[in-house]
Amino acid sequence: MNKVVDNADEAIKDIQDNATLMLGGFGLCGIPENCITALVKKGVKGLTCISNNAGVDDFGIGLMLQTRQVKKMISSYVGENAEFERQLLSGELEVELIPQGTLATRCMASGYGMPAIYTPAGVGTEVAIGKEVRNFNGKDYLMEYAFDADFAIVKAWKGDPHGNLIYRETARNFNPMMAMAGKITIAEVEELVPAGDLDPDQIHTPGIYVHRIFKGVNYEKRIEQRTVRKS
Amino acid sequence: MNKVVDNADEAIKDIQDNATLMLGGFGLCGIPENCITALVKKGVKGLTCISNNAGVDDFGIGLMLQTRQVKKMISSYVGENAEFERQLLSGELEVELIPQGTLATRCMASGYGMPAIYTPAGVGTEVAIGKEVRNFNGKDYLMEYAFDADFAIVKAWKGDPHGNLIYRETARNFNPMMAMAGKITIAEVEELVPAGDLDPDQIHTPGIYVHRIFKGVNYEKRIEQRTVRKS
Amino acid sequence: MLDKTGIAKRIAKEVKRGYYVNLGIGIPTLVANYIPQGFDVVLQSENGLLGMGPFPFDGEEDADLINAGKQTITTLPGSSFFDSAMSFGMIRSCKVDLTILGAMEVSDNGDIANWKIPGKMVKGMGGAMDLVASAKNIIVAMQHVNKAGESKLLPKCSLPLTGVGCVKKIVTELAVLDVTQQGFKLLERAPGISVEQIKNATLGRLIIEGDIPEMHLD
Amino acid sequence: MLDKTGIAKRIAKEVKRGYYVNLGIGIPTLVANYIPQGFDVVLQSENGLLGMGPFPFDGEEDADLINAGKQTITTLPGSSFFDSAMSFGMIRSCKVDLTILGAMEVSDNGDIANWKIPGKMVKGMGGAMDLVASAKNIIVAMQHVNKAGESKLLPKCSLPLTGVGCVKKIVTELAVLDVTQQGFKLLERAPGISVEQIKNATLGRLIIEGDIPEMHLD
C-alpha cells in the first residue's frame, strides 16, 4: 500500500465548502498544523469542525476562525479564543458542546462500527435534553450516537506508507479515535519512514483506517501554558 | 505502585469455587499458562470460564476440563478438544457460544464503563433469540451487555510493577480487553522489568487495570497448527 | 469442474488492488497463494493482524504469531498487531473491503449457514457471525453440492443461519454466481461444465441470461 | 480560615496509598504538592496520561507532554500514555479512585454546578461531566461563599448542573463536610472558624452532631 501524498495541499485538495471535518489534538497539543495551514490557504468555507478545542486566536483552528471558514464547532471546551467568543456572541458561529469523554467515545464508536453508545456523562443536566435515558443496573445512561466526518485530519509522530501511525506522549489524545471515524482520513506525520520500519507491536493506528499520509514540515508545536518549576 | 506477587499460586490464592474467570488467549496463543497450572493445583471447582477457546485436551483450559473444574464455558469456538466434547454431550459441562467480536467487545465495554453495546453480529440468527434488536440508519443491531468477571487472568510479554503490560504479536488478542474487565485482574508476564523501563508510549494495558502481576516461568507456548513452507 | 485450487484461483481474481481482505479457513486461505506478487493487498487476520504473510520456513515458526486458523504465519513490511476488539471494530466499521469464507448452505437471498449442524457437536461460530454481519462484500467459496449430492444453493437454508442477506457472490466447483434480489445469477461456468449441470445442481432461484461464458483462470 | 494552599493540604489527607487520582484545574492541581513523597499514588490526566509528574524544569518543557489544564508536565517511572477514549473509559469504569475538582455550587444532595453561568460566555464542560458522572469518590475544593458573600452550599443549585447526586465531600476555606442523605454533615472546622460561622455561610441543610473538631494540617 502506498498512501503517501506530497504535502498538505495535496492531501486536502478535495475538501469542499460545507464539509464536516474532525481535527485531532487537545488544546494545541497534537494538532494537524500543516493541514490547518493548507485549509486556510485553500479558503474552503462553511466548515463544521469536530475538535476538542478551537485553538487560540492566532494558532490552530483559531486561524480558520479568523478567516471565517468555520460555520460550526463541535467541541468540549472552547475557552482560549477571543475571536471565537466574538463570532459566537455575534451569531456568526454555531457551537455544540459535548462532554469530552462522550466526544471521544462517539468517534471511537464510529471506528468500531457501533452505532450508539451509553454513557452516564450528562445525565440530569441540560446535555440530556432530548436524549434517550436508559437505566442499566440501577444507573442512568444517555444514549449517544456514533459520529463520523467527511474527513478526519490527524497528526502523528511517525507513520509509514501503509498509513500506520505512532503518536507521541499526550499528543495522542483524540487523534486515534478521529483517525478511525473519517470517511477519508488524512494523517500528517513528523517522520515518514519506509514500510517495515515501525515495530508492528507498537502501532497505535493501523493503516487500514488511514487513506492519505504525508510528512509535515515546519512544526511549531506551540505551548499553551508553559509551566515550569525552579531548579 | 507495587503490584508484584511471587508467583501464580500467590496470584490466584483467593479464587474460590464457583468464581467467574476470564482467561486471555486465542487458541493456545497468549494464554496464561502459569495461572492455569496453579488453578489445576489449587483444585478450585465449579468455575465459569470466559475465554475465546477451551484449549486442547492436554493443554490450556483443557487441563482444567480434565480435572472437572469447569462448570461452564463462554467461548466463540471450542472445537479442538475431545474431553470438552465428551463433557458437553454428557451434560457435565455447560457451554455458551458467543460471536468472537461480540465476546471481545462485551469485555471492552466493561473496561470502558459502557453497560451495553450494539453489534450486527447474530441478527437474524439463533444468537438473537431473546435479545433486543434495534435499527440504526436502516440496519439492525443486537444489544449485548458488557460483562465482567470476578477475576481476569491475562498473559503479557513484558510488564512492570505498576501493572503496565506490553503484548507480543498475535498473543495480544483478547488479553487487553479481559485485563480491563476483571474485578481483580491478574497478569503473568515473560519479563518483569523495573518501573520506567517500558516506554510509556508503547504500553498496551495501563497499570490502572491490573491488580497483581508476576513473572511467569517455564513457558511452553505450544503451537496448535505448525504450518511451514518449503525453503 | 474446478478443484479447490481452481476455486481459490478464480476467487483471487475478485481481489482488487488496494483491498483489505479477510480470508476464512479452508479454501479461502488458499486464495492468498494466487494474489499476484506485488499486488497491493493486505490480508487481515481477525485474531489481530493486518499484513499477514506466508507460512514461515521450517524452524522459523513463532508461537506468538498465528492466524485465525491457529496456523503459524509471518508478517510483511507494514504489518500491525492489535487486539480482538479493534480487529472486529475494523470489521464492523466496514474497513475490510472483502471477506471470503466457506459455507454449508447459501440461500438465493444471500443468507448463509456455516456454523452448526443440528445433532452434531457444535464447535461455535468463531468470528463468522461478526464477519458476515459487517462485511460490505462477501464471497463464499464452497462445493455446489454436498456429499449426498444435494444442492447447497437453496431457496432457503435448512441449517441454522450465520447471517442474513449478506452473501454477494459464490464460487463453486461448477460456477460463479452473484446473489441478486431475483436469486442466484449465473455469471460463469467452470471449464467443461454445462449450464444444464449447474441448473441441476442448484435448488434456489437461478437466473440465466444470454450466453454464460466459461471462466478464465490466469 | 484556610487559604488555597490550606484547602489543598487538607484534601491531600484524603488521598490514600494505592489511589489513582484525577485532579481538576485550580486548587485541585495544588493537591499534588502535598501528597507525601514516596506515597504510592498515581495521578491521571484525562488527556491521556497515568503517572503525571511535577512541572518540568525551565528549558525541559515538551510541547507533546501536557496535562488537562494544558500545562507542561513530566512523567514518572511507570507512566503510560493512552488515547482520550481509553482515558474516559477508565474513568467511566471507576478505575480512578478519587476525583478532586472545583465547583461554583454544590447542593445538599450532592448535585454540582461548575461549567456554565447563564448570560456569560460558555466555554464548555470539558471532561467534568464525564468525571462527576463516573467517579466513585468525588471531593469538591471550593470557597464556601462567592464574591458577593452568598453561600455556594445550597439546598438546590441555581446554575445549570454538571452532575447529579455525585459529590461525596467538600473542603472549603471554612470546613470539611460530607454529603449525606440528610444533607451536608459538618466534619471539621478550619482553624479559628466557629460552628456558627459555618452555619451562617451554609444555605443547604447542615447537620451538626456533637463537638466539631478543628482540622489538623500538620
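As written, the chain order gives the labels A, B, C and D, with residue 1 at the start of each chain.
Simple rule for what comes next: a residue touches a chain if its C-beta (ideal position, glycine included) is under 8 Å from a C-beta of that chain, and two chains touch if they have at least 3 such contacts.
All values derive from a computational prediction rather than experimental measurement.
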Steps needed, at fewest, to go from chain B to chain D via touching chains: 1
Given chain A and chain C, the chains that contact each of them: B
Interchain centroid distance [CA atoms averaged], chain C/chain D, Å: 56
Gap in Å, rounded to a whole number, between the CA centres of chain C and chain B: 28
Averaged-CA centre spacing for the pair chain B and chain A, given as whole angstrom: 33
Where chain A touches two or more other chains, by residue: 105, 112-114, 119-120, 167-169, 172, 200-201
In chain C, residues with contacts to at least two other chains: 49, 75, 81-82, 85, 88-89, 91-92, 134
Touching chain combinations (by label order): A-B, A-C, A-D, B-C, B-D
Interfacial residue positions of chain A with respect to chain C in the complex: 1-2, 110-114, 160-162, 164, 180, 194-196, 198, 200-201, 203, 206-209
Interface residues, chain C side, partner chain B - complex: 45-49, 54-73, 75, 81-85, 87-89, 91-92, 111, 121-130, 133-134, 160-165
Complex contacts: residues of chain C adjacent to chain A: 18, 20, 40, 42, 44, 49-51, 75-82, 85-86, 88-96, 134
Residues on chain B engaged by chain A in the complex (per definition of touch): 105, 112-120, 136-137, 139, 141, 145, 166-169, 172, 200-202
Complex contact set, residues of chain A against chain D: 26-30, 52, 75-80, 85, 88-89, 97, 99-105, 107-108, 119-127, 157, 167-177, 204, 221-231
